[in-house]
Amino acid sequence: MPPNTPPIVSRLHRRHGEKLQQGVIISYTHIAQPYSRTIGLIQLSDGTKVLAPLLGPNPSIGQNVSPRMYLSEVAGSGLRVYNIAYEILVEKAIPHPISPSFPGYILALTGPSGVGKSTISRLLTTMCSDFLVPVPILTTRKPKKGDDGEYRYVSKKTFVKLQKKGEIISFAQIPSSEEKRWYGYCAHDIEHLWTKGMLPVVITEMHLLQGLAGHYGRRSILSLGLLPPGRSKRSMLSHLLHRLRSRGRDSEKSIADRIKNAEADLQFFRERQDLFDRIVVNNNLNAVVDLVQQYTRQQLRDSP
Amino acid sequence: MQKDVFVIGSGQTRFGEWWDKSLHNLMQEAFDAAIDSSPCTALDIDMVIVANMLGELTNNQAHLGALASSLLPHQPPALRVEAACASGSIALHTACAMLESGRAETVAILGAEKMTDCSADEISNALMGAADSERDQPSGLTFPGIFGLIAKRYMHEFGLTRSQLNLVSARHHAHACENPYAQFRNAIAPGDVENSPSVAEPLHVLDCSPVSDGAAACILSTKHKSPVRLAASQIASDSLSITERSSLTSFLATKTAAENAFTEASVTNDDIRCIELHDCFSIAALINLEDLGFSEAGRGIEWYIEENPLITINGSGGLKACGHPVAATGIKQVNDIARKLMESKERFGLAQNFGGACATCGIHILEYAA
Amino acid sequence: MYLPRYRIKTEEIARAWKRDPKNAVQSLGIREKTAPGPHEDSFTMAFEAGRQAIDTAKIQSSEISALFVGSESHPYAVKPTSGMLAAALAIHPFSHCADLEFACKAGTAGMQIVDSFVRSGQIHYGLAIGTDTAQAKPGDPLEYTAAAGAAAVILGRDKAKGALCRIDETLSFTTDTPDFWRANGQPFPSHAGRFTGEPGYFAHVRETLKGILTMKKCMPADIDHLVLHMPNAKFPQKIAKEFGFTPKQLQQGFIVPTIGNTYSACALIGLTHVLQKAKKNEIILLVSYGSGAGSDAFLMTMLRDGIPLSPPQSPQYLSYSEYRQQIPTSL
């Protein structure tokens, strides 16, 4: 065991929260000495992997497991060291919406405002309309000039009602200096596409993406991050600024908000690399659309 | 390589349990053997590079560069490098950088490890330092456990059977019978492997390299020539923790280092006639052959089912039978390839050394030209 | 609630001590009891029970701002289990927390404290947990009954959405009675044999039962479910009969025959069983008992039909030697 001094144990205990998720066994081993135990490599529902003790009889690769609080050891000083172990569930696997052609995937394009997500999404869904369909974002904000069918507008009251009924599976409040606006995705909008054998495409941002990954599982998301061209953060932001202005859709104040959010988005790409399968720089629209098409077809072909 | 770097001397102690020998004694013995085999004297050495992983933990001895320097009468500049079990190859790589830059013309590289001064539990614990202290260790996993997980997954993905895996250690032991420096010079039957006690299922005691004391030394020079030169020296890295890998059955660091080494030496797999690969556990030998490009994924075992008479793999007995004093291994591998090329007069040989679950991989390609 | 997956049968323990297995089962009324796993303790079990409570209450853990945990086997003599639970369950950082000990009634004492925090308006939601890995000296009669388990209840305003059951009245009775104790540093408790009966359990439960029924002008017949502390099967059955309660009223919460005495969790686990089965408007009376001694009583009304919890793990039976090796001989 690693040294078990109070600060080390404290840091270990603080990380328990991240590990309290359902998971799947990737591999496991029984260790004989100095005392018999089983350790597994578990993939959690958010896509991260952990090494942890495995509890329960007859483990096998691919089994579902559930987190359990576990007393690992009592140090010589008497300090108790706890860990999260995973217990083999004996009931059936977590149900996953299965359709004949697509096993419940979502193509998610994430990136700061102005990077070109909507444009790319529109091109993709037009060119691949046989299997790619855009999913509208529910929003409480008013329709604006320049909006192009990406949103479904609802009143705040309706949004809250849908939330309470559990129909909104990912939502976020994206603040702006003008008003508090809610955004979200409706489970039905995504799931009914699966029953039709289609792949939903969502244009999204960091909070909504996390919500989707949390609800459907990280592995269900074919996640692409879109970056503006530019080597440094400053040059990326200036590219975005240029695009937002030439787009002509937003007021100066709104643009200022979007740039501020963009900084947070870029930070998010760095910190949460685990939520993205590929990061793509959007400096040539056609090249990016080709790349996304290729990538999507390949992922679906290779999926288990 | 930016300059011709020649292997002008090599030496090692026998690997095993040396209760009477300290780190100092082992390093002295290996160094003396290397100098004796070279056209130089100790005074020709411009710099000493030491490879060692566990000195602080086993003997409360850090600062091994200084200790090694004192083995030579003129006390040349010295330093120590560490990359867990890859310490040996990265010491050689560091030496190459010093030689290619002209900071030194003749460098002695010493890898040494003293593992028997501690209890088995203490060593087991110390070896886990090769993995991630925060992510891997708290689970209660041991180092054999990491490869147990890897082996189990490999068997799941490729259908490798326990009987097939037995062939690996059996072959390595057979080779070691001819190696006077090997820790174990006894042949074992394939069945013995799975009948030995279980360590980390599916791995048994005879699937695992032993705890060994030993040292190996190599002298590289741009000034003195020899028929054996380093055609490539490459190191590559991968995530420390296996929780961050996308595959358990293939090591990116080996693939990267190999690709770069083949490019550097302008050779392909077909040119290689002898290989010393890093079989810390039997399963690693199979994965290594695949990552090095000698086999397709899942088919590494074919090399052990039928021995290829043209290409020698782990002629020394590998880590399993020759022994694995952690940091000495990378250097001993290069020594063995150099010696094999001199004997067989074949042109190219390859040594692959890695640390942890291949979070660092060091590959050297040697060329013999009469 | 949380119960370890391991069980040991009364017959198995009796056979190990060369006593008549059938006699042992009959005199105690207990067939088997739970035993903690090698990596479980009062904290790990309390955590699992707390997590289940938060999941079933459908509230965010950060809405909870009080946590009181009662046990006779807190993992540390000094280092609060409540602090460890507060962090692990991610309740609100500004929370009222403390550890309690009052033999087997520490869990219900916690419930009373959280109840008063809610009533005074200081908190919206609070957690009360009883948890124990009870120990008994090998060969002592307590070995047949000392079990392990945890139960957690979340209390909030009765107007809170999803409220399951309302606490109408609570009463406690306390004396100084040396029926059962464990000195500092001792691994196993000592008990006073037959003195634990009438002067201990019966006197206190009787007083408290009488007290609460009188206070609320209730008759035993008005009660739909009676949950009592269960040190064995006979004691609660006897006191219930004395008051004219029928076996049917005792039934849902009478968990001791297959679980054993989970000490601070005992009455609360009984309550958890009742809460899963009881119907709207039914009245529940809970009376716990802690040696030393004291009793807590609660009169409750169901606000809606009970909800079942997820089914437990399938039990794994131990031999006596496995059992002795597995449980720690000291805290």
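Read from first to last, the chains carry the letters A, B and C; within each, the first residue is number 1.
Here is the rule we go by: contacts are C-beta pairs under 8 Å (C-beta built on N, C-alpha and C of every residue); 3 or more make two chains touch, one makes a residue touch a chain.
Everything quoted here is computed from the prediction, not taken from an experiment.
Asker: Of the chains present, which has its C-alpha mean closest to the combined C-alpha mean?
Answerer: Of all chains shown, the one whose C-alpha centroid lies nearest the global centroid is A.
Asker: Can you name the chain that lies farthest from chain C, using the mean of each chain's Cα atoms as its centre?
Answerer: For chain C, the chain whose C-alpha mean is farthest off is B.
Asker: Measure off the straight-line distance from the CA centroid of chain A to the CA centroid of chain B, and report it in whole Å.
Answerer: Centre separation, chain A to chain B: 41 Å.
Asker: Distance-wise, how many Å sit between the C-alpha centres of chain B and chain C, to the nearest whole number?
Answerer: Those two chain centres are 59 Å apart.
Asker: Listing for chain B: what residues touch at least two other chains?
Answerer: none
Asker: Can you list the residues of chain A that touch 2 or more other chains?
Answerer: Touching at least two other chains: 53, 72.
Asker: At least two partner chains per residue is the criterion; list those residues in chain C.
Answerer: Residue numbers touching two or more other chains: none in chain C.
Asker: List the residues on chain A that touch chain C in their complex, please.
Answerer: Listed in rising order, the residues of chain A that touch chain C are 13-14, 16-17, 20, 53, 55-56, 68-72, 78, 80, 82, 85, 87, 90.
Asker: Applying the document's contact rule, which stretches of chain A touch chain B when the two form their complex?
Answerer: Going by the criterion above, the answer is residues 1-2, 11-12, 26-34, 37, 39-41, 48-53, 61, 72, 81, 83.
Asker: Flag every residue of chain B that touches chain A in the complex, lowest number first.
Answerer: My answer: residues 121, 125, 128, 133-142, 144-145, 148-153, 156, 197-203, 241-244, 248.
Asker: Quick check on the complex: what are the chain C residues that touch chain A?
Answerer: Residues 37, 39-41, 43-44, 47-48, 51, 75-76, 84, 87-88, 90, 313-314 of chain C touch chain A in their complex.
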